[in-house]
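In this document, chain identifiers A, B, C and D correspond to the written order of the chains, with residue numbering beginning at 1 in each.
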Amino acid sequence: MAASKTMTMTEAVSLLAPGSRTLALGGNSIHRVPHAFVHRVAQRTDLRLHLVKTAGAYDIDVLCLAGIVEAVSAGFVGYETEFGLARHYRSAVESGRTEAREHACYTVIASLRAAAYGLPFLPVRALYNSDLPRARGFEWLDDPYGGTERFPAIPAIRPDLAVIHVQHADLHGNGVITGPKNEDLLMARAARHVVLTAEEIVDTDALPVPLDHVDIPSVLVDGVVHAPGGARPGSCAGSYDADADAIRAVQALSSAAELRDYLTAQGGPA
Amino acid sequence: MAASKTMTMTEAVSLLAPGSRTLALGGNSIHRVPHAFVHRVAQRTDLRLHLVKTAGAYDIDVLCLAGIVEAVSAGFVGYETEFGLARHYRSAVESGRTEAREHACYTVIASLRAAAYGLPFLPVRALYNSDLPRARGFEWLDDPYGGTERFPAIPAIRPDLAVIHVQHADLHGNGVITGPKNEDLLMARAARHVVLTAEEIVDTDALPVPLDHVDIPSVLVDGVVHAPGGARPGSCAGSYDADADAIRAVQALSSAAELRDYLTAQGGPA
Amino acid sequence: MSTETRDVPREIRIVADAMAVEMARILANSRNAFHGLASPLPAVAIALARSVHNPQLEYLNIAGGVNIAPGSLTVSTCSPAFLAGSESFFSLTDIFDLCARGELDTAFLGGVQVDRRGHINNSVIGPFATPKVKLPGGAGSAAIVPMARHTIVWRTRHDARSIVERCDFVTAAGSVREVVTPLGVLRMEEGELRVAGWFAHASLEEIREHTGFPIRTCDDAGPIAPPGEGELAALDAVDPQGVRYSEF
Amino acid sequence: MSTETRDVPREIRIVADAMAVEMARILANSRNAFHGLASPLPAVAIALARSVHNPQLEYLNIAGGVNIAPGSLTVSTCSPAFLAGSESFFSLTDIFDLCARGELDTAFLGGVQVDRRGHINNSVIGPFATPKVKLPGGAGSAAIVPMARHTIVWRTRHDARSIVERCDFVTAAGSVREVVTPLGVLRMEEGELRVAGWFAHASLEEIREHTGFPIRTCDDAGPIAPPGEGELAALDAVDPQGVRYSEF
């Protein structure tokens, strides 16, 4: 029987060595995002993060407020209707502290696919008529078989770490996601290291699907953190809804110092 | 509630209009292959098939014996240890009747990925030092971002039809595969049309996994055929093992006429 | 009208209902329709179309839901609620690939700015590298708009700052056909947006006044038929919580 | 020895056991190992290595199995049996991608022809377009051999027609390190295959005689230690059905 891969949140956060690191966060918008992990990362000051996600919200906003985000590769950064704009992200970008590497969500997927397939780039059938390729410096590929269509070559993004919040995991690192899976299966395949934060750690036999339908295979996983409530204040399908007051409380903060005080007061160790 | 997509095997086989058609067959080697469908196709004489598969055996061998295979795109065509070579395939290729478009299994995957992604080709990090790219006429792509590595551009293969044998399907075309899934999830996404042949058709609620873990989503599926034993004489995980005598009986046949007589005698309508 | 929606001001109800109904009518001939996040009006419009105007319409959403049961829509349109009663599971990645294969029929996308040529901007106001205002980004639009057969843009405001002669930046362009606003519907004709119709609560003059370029009218332009009794009843049935009002 | 294996001729048992044990020993320092279809000897060798030589070895197979339980191996090495007792599910596509990322350590691949340079041919004898003999194809080899850290080729015959100066066609080349045959082990050194060792039942002379080119010996070449008592007991435990004999 393989060894257990359980680790503490502290150990998981320490997988990000100081300096410039590319971090992919699972989930979408405020749903099933590893926010407990994000809160702990936000208390560090020794990181310059490149965040990768199709559509981020609270996660990116918090880390921008913490002042440790060098760049964001995403298709969309903002809350939805109920919570409005990601103002910490916006001010980080508008002040020049953070580079917005704007993508279409599909080209984030192409970036991750390229990394998963061991390629430095992947063509994609998208971005026609858009100013994005020129603004982002994407090159175009000709069809070597004589077709007249051209394709933007999306550069690979290989996350140093992907952190994925799942409802169920076993000790070996098999993760099962209930509800929308977003780009998490792909992130796990693209990243150098993978950590699962899990609502519940259960015996392999007690996972909600047979092993041949597991979403994140243990082969790819470095660590499993038992993190009940680990997606709060966002939602987690089948477990809890979003906590609007807690989201608004963080939206209302206005400095990294305030954020760290707030997070410490919330009970997370510094 | 969406309409039922159940159809008869006769209707499924007729989805292949006469002429040159590209057909992808699910499963691998002799395991979970839609052989009942293959047997019915082998009784037709109005097709020129291009077969697509990473590793085929009885399926490709039977259709080659039937004399209706124009080309085979595959990484491997042969039985394994127990049943030896695919002699009907081999003689079709050696006599020039059938073109062997040899691939690495991974480049079959790249061909299908290209089709699934709407692209005419996909680069792949493979085939270095091999004579295959030149023999197959694969072009090479430079890295437009200045890397020195080059990548073969694998042309897309878009099957006109993919036929996938599953243990469980519902009426709408959601398919669940028990055991190895091989390239079937990708085939379903790459093909223009998809048919499931199913050991059992059950209510959606009775599928062996929750709907958010279905392997073949109904969105992609044109028809569902109730086909208990539909992978015989191959195996079907959880249902039956391979029938060695029946495989050897077909290996021993030596003409299309013998094959059609044999299949008719087996009880399949002509 | 449900308890939840009783407090919504009448003028918002009229505008949101008219927009949802008109967006549903536009779907009458679509084979499939998709919406992403932050899309309450499209979610309601698709549910309404499936109830009234086009029961065969295949409904795909960002959460992976397929033909989800109406009645459980939430303000967050990428929440797990968007799998409730789903007939299958078809992920966002699958939808993008489907679109790249040319098989997505109708997509709903927002546009912070929309210009005369039907181009949309969700990226920046000001220079891309040093934006004056960083907008949230186009999400899927730069991939979907050029490849879908038909894109419907909706906006909950119609003003000269957002419906403009020329976008500061083109996030996406290609298949935009209609732009639905609180005042009416603009439609692409001969390469430019023109007025196709105006709601009963608005007028052609009002649209012209609030549009940032001299806008022409389509030959068949005219007042849009107000929501019928049946449409309004179905609207309340598919959206009892009044999710459609949340964008205002 | 199980009932199933009692009828296997002694000379086959000796050769197959020696090959399986030596292949397992070669895995002593591997992080992970993969085999595809038609690979009974590699399947047994990996199971043996995990039992004796390298318990940490991660075992991946074409069926998607991860560290499957030994004892249920079948002659078809892509059968559903290759998921029995699996710790996870990691598909063939995942394995190819892992290999393309440079993360596959050791792969077992067959070669109908192997040449002096360590190139393998599984494609054709004669011209590619009009083959005299169409071979089954290289399966994953043209993708895996150039990208894996280390490929072990095994053959159940050692003769001058298949271990040749130059292959008719190069299906795959790159990371071949050892070629294990019924006579012993050849190893790549200074760009060519040389004799690394010979089994107790064979000799250096025999290898030279049955090789299709004048083969040199490695500096450390010598007789290969016969399977130990513990190795043989473990071999019977992981392969009670004698799957390893099926290739002969």
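In this text, contacts are C-beta pairs under 8 Å (C-beta built on N, C-alpha and C of every residue); 3 or more make two chains touch, one makes a residue touch a chain.
Quick caveat: nothing in here was measured; it's all calculated off a predicted structure.
Student: Hopping along touching chains only, can you work out the least number of steps from chain A to chain B?
Tutor: 1
Student: Please tell me whether A-C or A-D has the greater number of C-beta pairs in contact.
Tutor: More contacting C-beta pairs are found at A-C.
Student: Farthest from chain D by Cα centre, which chain is it? Let me know.
Tutor: Of all chains, C has its centre farthest from that of chain D.
Student: Could you grab the centroid distance between chain A and chain C? Build each centroid from C-alpha atoms only and quote it in angstrom.
Tutor: One centre to the other, that is 28 Å.
Student: How many angstrom lie between the centres of chain B and chain C, each centre taken as the mean Cα position?
Tutor: Taking the average C-alpha coordinate of chain B and of chain C, the gap between them is 40 Å.
Student: Between chain C and chain D, what's the gap in Å when you average each chain's C-alpha atoms?
Tutor: It comes to 59 Å between the two C-alpha centres.
Student: What are the residue numbers in chain B that touch two or more other chains?
Tutor: 117-119, 124-125, 178-181, 212-213
Student: Find every residue in chain C that makes contact with two or more other chains and list them.
Tutor: Only 64, 83, 99-100, 147 qualify.
Student: If every chain is a node and every touching pair an edge, decide which shape results: line, ring, star, complete or other.
Tutor: Per interface graph, the chains form some other shape.
Student: Hey, which chains are touching each other here?
Tutor: Those chain pairs which touch are A-B, A-C, A-D, B-C, B-D.
Student: Spell out the part of chain B that touches chain C in their complex, as residue ranges.
Tutor: 1-2, 115-119, 172-174, 189, 204, 211-214, 217-220
Student: Within the complex, which stretch of chain A touches chain B?
Tutor: 117-125, 139-141, 143-145, 147, 149, 151, 153, 155, 177-181, 208-210, 212-213, 215
Student: Once bound in the complex, which stretches of chain C touch chain A?
Tutor: Counting only chain C, the residues touching chain A are 36-38, 40, 62-64, 75-80, 82-83, 91-93, 96, 99-100, 119, 123, 128-134, 136-147, 169-174, 246-247.
Student: Sort out for me which residues of chain D touch chain A in the complex.
Tutor: Its residues touching chain A are 58, 60, 64, 66-67, 83, 86-90, 94, 97-102, 147.
Student: For chain A, which residues count as touching chain C in their complex?
Tutor: Residues of chain A touching chain C: 28-32, 54-55, 74-78, 80-82, 85-86, 89-90, 93-94, 96, 100, 102-107, 109, 124-132, 135, 178-183, 186, 235, 237-238, 242.
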